């Protein structure tokens, strides 16, 4: 599996240009999927993600995108 | 009885300089004491006056003064 | 009255400029009876107004009197009250002055609960400028700027005052002049922002434009529409339309603004000293 | 979200100027989700704001957008709506912009029941000017102009809106972003003046000054304090102190202002013709 | 149909506005301008336009700008105190280049002053009342017919240059009733703001490449552009200090300043051989005409320069008059306002004198005659 | 005790106000003036004074006037947009002769403009921003120490003449931190408004018989007088058009105009033999000094006239300088404001040139040097 | 005819503002000559002496205000006292003898008519202003009778046309009584 | 010493505004010479390159702004790239090698120190601004060490005095390392 494949398999994607590192997404992910990172949060526990999109909705910087379940499973 | 005496016996006095002839006092006197006059209202029925002071309180021009009962009876 | 008139009014300025039958004079009478009832020291009363027929009232009153710019009376009054809290600051204002251009100062003075007694001479019109509609002109009524009938809704000024933070709110009319002066007196005794709406008549413009008739007819109109607050509580919203609910509508005790300032200063100084 | 972001935001202007953790971004997200949910035509939406951090939002939104003067958004918006009623006019404003300098336009827009959806980004502070207290800063809290604790009381903005005449009133928070966008969407569908208070966080000034902590701590604070309107109805005034009542707080159907204007014109023209 | 009418200046402004295509009016009543609002309230609903009475003058100015952004020609009317309140948003219109017409019927100031008496003491305020360097045009009618004509002119200039235009009446002109014959609908030449000829994709709302007055799209017409009172670039979005900002300020002011000659409407009488020129505008210009005519009858070489555009100020006219004459008398109902500009422009070439009056009455011909005969 | 401090201009204004006896401040935050309010909020409670943040600038100006009527020396501070909003009530203070100080820290305009960048483009607005003829004084400090000193001066003038005084900073002066040594409390000379010497019975609040600045009683001290923004007579009550009104306007404006020489604070450097004079104020005056000094080093006869009072405008100074020099360069961060006055006052006696800058940056010495060397 | 200045004065309720407007309209609209009408506004207008000024000319009217009226109509004593001194020397002073008893002495032709009384006789005192217009026009010929009658009928409330026509005729009659 | 211009630049969080104020206070308050500090305000200051300018002179300071700094401190690459071109020819460029890797070529004396690294070693990276002040003062002698130390201790939060003293000393050491 290439790195790119791996990234695509991830349930959430971060936009490094927009993320300001507030860690709101990390704090409020109900499944503990995310963890503080250096520039943007990291995905500590990708399989736990329920695709609830709370991270996406709460992110003040539109820097998180949760992929649709279907898309994620492909 | 001089004219002055007579006037003093009146329960209400009008100030001609201030009265603007709106006839509010006439309309709301509960005892029908007052009547429309030429420049100021006239006192049509002085003895009926109950000294309720409504005319005085409603007059927008402070042109009516109701004498105190005592004073009036002197 | 004549004693009170002599005591509290600048009689040398009379007769006043108000039209025959204008209710403003009656409301001003209620104000001075309230001042007398409360027993305020004439040298410690300051009357502030904006611009409008109603706002000409202070010129006839024998106190420190301030006739400001249109709508700003409460903002000037706030400066006076905070700078010299021992003064009894009374604002006399019109429905245009207070509710149109002055609306922001109204809600903020109420919010701060600053100790100012505000009496709004509400004649539902801009009298001074000859009869344009105000925020208190009922929908459908006529005015020079509403030649086809006003499409604006009007405020419930008392409810607005309460929602903004006023701690004493009352309403009466020029017809109920005795009740009115009692409610004003209560407002003056209240420690905080007190608002009294005095419904009154402008026969010259509002009455004439809307064919209500002369001052007497307008007073009758108030008499018929008025309903004491207790009785109003039993009526539905629909039934209360076009009625004038009178009496003390709201009252709570909360710290007055200039006193809060003093409290804050005392705390600061205490901390400084205890350092 | 990213699809909606691309569809409704001017992504080339990103990242936006708001600080890390500032809740304004979250609230703006809720606004665009509501616009999408209601299905508004992008070419028929006009976003208007005043001045402040919150008021920078329109610059990021791909509609006709108008960034006006401080406090005046609703007055500009009123001109737009009346001149072109087919536009969906949305006002995005801050608590300072709307409730301080803009208070008068707020109550009058509500009074007229003009069809404008107003969303107040309430962070209880003047963010743009670096942390002075606003009319929504709770009493006792700190701000650069309240170094010893604020002595001003704050407004209940929703109650004020209702008392002024708003026909749809709701409140939610940045934390409750889903509920928030639902309530905004309802407001957009409402025909009349719709007001939505969005409680949000300014970690940079309000959070720091008051030692509430970072954005996350502030969101927690909202979460803890929020109480749905149904639950709030069972609590006393005292118990509701420091709580944030959320949900649809008020709603009635009354004729919208620009429609009333059209009705008036139709009547006038009908009369003319029947002459 | 009656052709001649007796009409107030304020009425003529309202009729002029309708004739100019004005379809939105927002105002707040104030003496002595209120008739403008009252007549607009009557006319607009019958002409497919909108009238609204706002909560104050600030809101009125704001609503007018908002309406103009949708494409409607828009106007407000006020007097001194209200004019002071409109200043902040007037500056917004100037910088964002939103066309609008602001009528100020001058009364006695400062403050509440003399609400029902004439003055011409808002002349400098009309130019400098808002903060920052900004463009403005101000017109001063002297008759009821001119109220009508200059209102149309005000809209035309405002639309053509995307600049706020002040119509500066005084109480005499606003309130007096005068015989007037108004032109038929078709006889009036109207100007519309430049609108974009390109599609939304290419539209840059503050692009100066096509000239110093960029085309303006109506809100709601699909262009989705941004308007801000911050300094902005050609696309309309905020910029900080620097060249773009400088270019913006210079363009928005320059579009008026560079057209000073074409914007300056004036009338001169008997200046050719005059030794004394009376410079005046508004109602006092009528006094000046009478005084100068009387002076001529008495054999004195007096002429009149009557300004209908006072801002941008016509330096070139004054320079010419200063070269031609020995004395310039500026007669205005204030303590010396436009005279400062005349003095500046004259640059010592002629003696500049001021005849002011501030008691709330119109300057009389006798007053001017007395000054003429003084030196 | 540390004698020297590093302090912002805005801070120095606040400390100056306290030293001047200011005990009331009402304001509304706006960049770049906010520090004045913030420091007053800190200082006033500890000095027995009152601070209030009002709902807007209109209310702030109103509250300041109200407080001053009770006898408290009062101040507000703002920047461009807020200054525009204060104009109506500023005119009220001018006509009712209520002392007060208004600080305007100038930023880039018009409209919201460049909120954090310097400009000097509210100079004409400071004079003409409110409607009607009215008196005004405006001071322009060039250093942090001068912020302190001129704030005291502003209060002193305001109290002495019962006139609003504008303290016109620019963002450079307001925000820069400079070394400053402030005088001790006792070293500052303070002026109080004239207060009545007669009892309430005889008191006539606008009586000019004792001079052109009538005594003013504190509200609440038993005088029970009337204040109105309408034209009024000696007793303070409204009058209509006529002589009384005229006398009032002439007195309230005349009390400032007649004192132009004593009110004009300025500094000149190397003007004696100068062929070129640079006229400047505020931060650009510092640029001018540097440029002129550099020019001198290069053997050019350049001097500087630095104005600390710009209103009333010192015609007499300019006339003198115009007679002495060949060229006057007016250097200001705007498109040409005070230069109009210089041109007018110079009356053709010297060539008047303008060096403006409107990109949001301070004019540099090189720019002035370049103009000096041009002709 | 050259510039001609007329001042109609009386008290607030006597309809003289309307009177001035009608006179100016008669000239401007129906006689097609120039006319300007002006009045004072403001609270003072509510009580006391009120005036309505008209300038009529078949040339251009430059200065719009009345300074020294050629004709002064005074319908109350107060207005007579206040404005009579301003009358042009040799001018015409028309007094309503119903209300004016003290006739001032001045360099003018003074004529007195019971104008309000005549109005009452014509039907209602409220048309005294129209009677007055008839008198003024009758004595001066400043506007044609035809024009004035049209102007009057334009302005008066529907249903009162006859009354006003009568009043106007009464005015002309009064005027003729001195001229004839 | 004559007019001397110093620009401290870096990113928002590095404390350089405070650094400039401390430097100016050292000069003004403790060395009793003249000093002016200025900075840019506004939203742009929130992110990106930030700068704090100081002018020091024992004569009068007329023009208050830094135009061509004698010394430029750059603590990030972005600020180095942005401000280095403005340095006075022959001036001194001080780089924090912890963050600046691309050294510009220009007519200047360029010195590099691991300033932020040194701050970490002294206790916490947050005192990098104080280390930098030590470096600047050590290299230029523009303020005395005594004055600078006092100015630093005036401004820093209580309880961090030792840390800051250490940081300042570290800065001087670094400076000496090139001079010695």
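Each chain carries a letter (A, B, C, D, E, F, G and H) given by its place in the written order, and its residues are counted from 1.
Just so it is clear, a contact is a pair of C-beta atoms (placed from the backbone, for glycine too) under 8 Å apart; a residue touches a chain by one contact, two chains touch by 3 or more.
Owing to the predicted nature of the structure, the values given are computational and were not obtained by experimental measurement.
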Practice item. Could you work out how many touching-chain steps separate chain A from chain E at minimum? Key: 2
Check your understanding: For this structure, which two chains have more C-beta pairs in contact than any other pair?
Key -> E-F
Review point. At what distance in angstrom does the C-alpha mean of chain B lie from that of chain A?
Key: 87
**Study point:** Mean-CA-position distance for chain F and chain C (Å)
**Key:** 37
Exercise for review: Mind checking the centre-to-centre distance between chain C and chain D? Centres are C-alpha means, answer in whole Å.
Suggested key: 31
Practice item. Name the residues of chain B that each touch 2 or more other chains. Key: none
**Study point:** Multi-partner residues of chain H (each touching 2 or more other chains)
**Key:** 42
**Study point:** Set of chain C residues in contact with two or more other chains
**Key:** 19, 51, 67, 69, 100-101, 103-104, 108, 135, 148, 152, 261, 264, 268
Point to revise | Residues on chain D engaged by chain E in the complex (per definition of touch) | key: 13, 42-44, 46, 48, 51, 58-59, 62-69, 72, 75-80, 82-84, 86-87, 104-105, 108, 261, 264-265, 268-269, 272
Review point. What does chain B use to touch chain C in their complex?
Key: 17-18, 20-24, 27-28, 53, 56-62, 64-66
Study note, to complete from the structure: Touching chain C in the complex, chain F uses residues 23-24, 26, 45-46, 50, 52, 54-56, 58-60, 62-72, 74, 88-89, 92, 219-230, 237-238
Study note, to complete from the structure: Listed in rising order, the residues of chain D that touch chain C in the complex are 100-104, 107-108, 111-113, 135, 148-149, 151-156, 159-160, 162-165, 254, 257, 260-261, 263-264, 267-268
Revision key, fill the gap. In the complex, chain D touches chain A at residues 1-2, 5, 9, 14-16, 18-26, 29-30, 33, 174-175, 177-178, 203, 214-216, 219
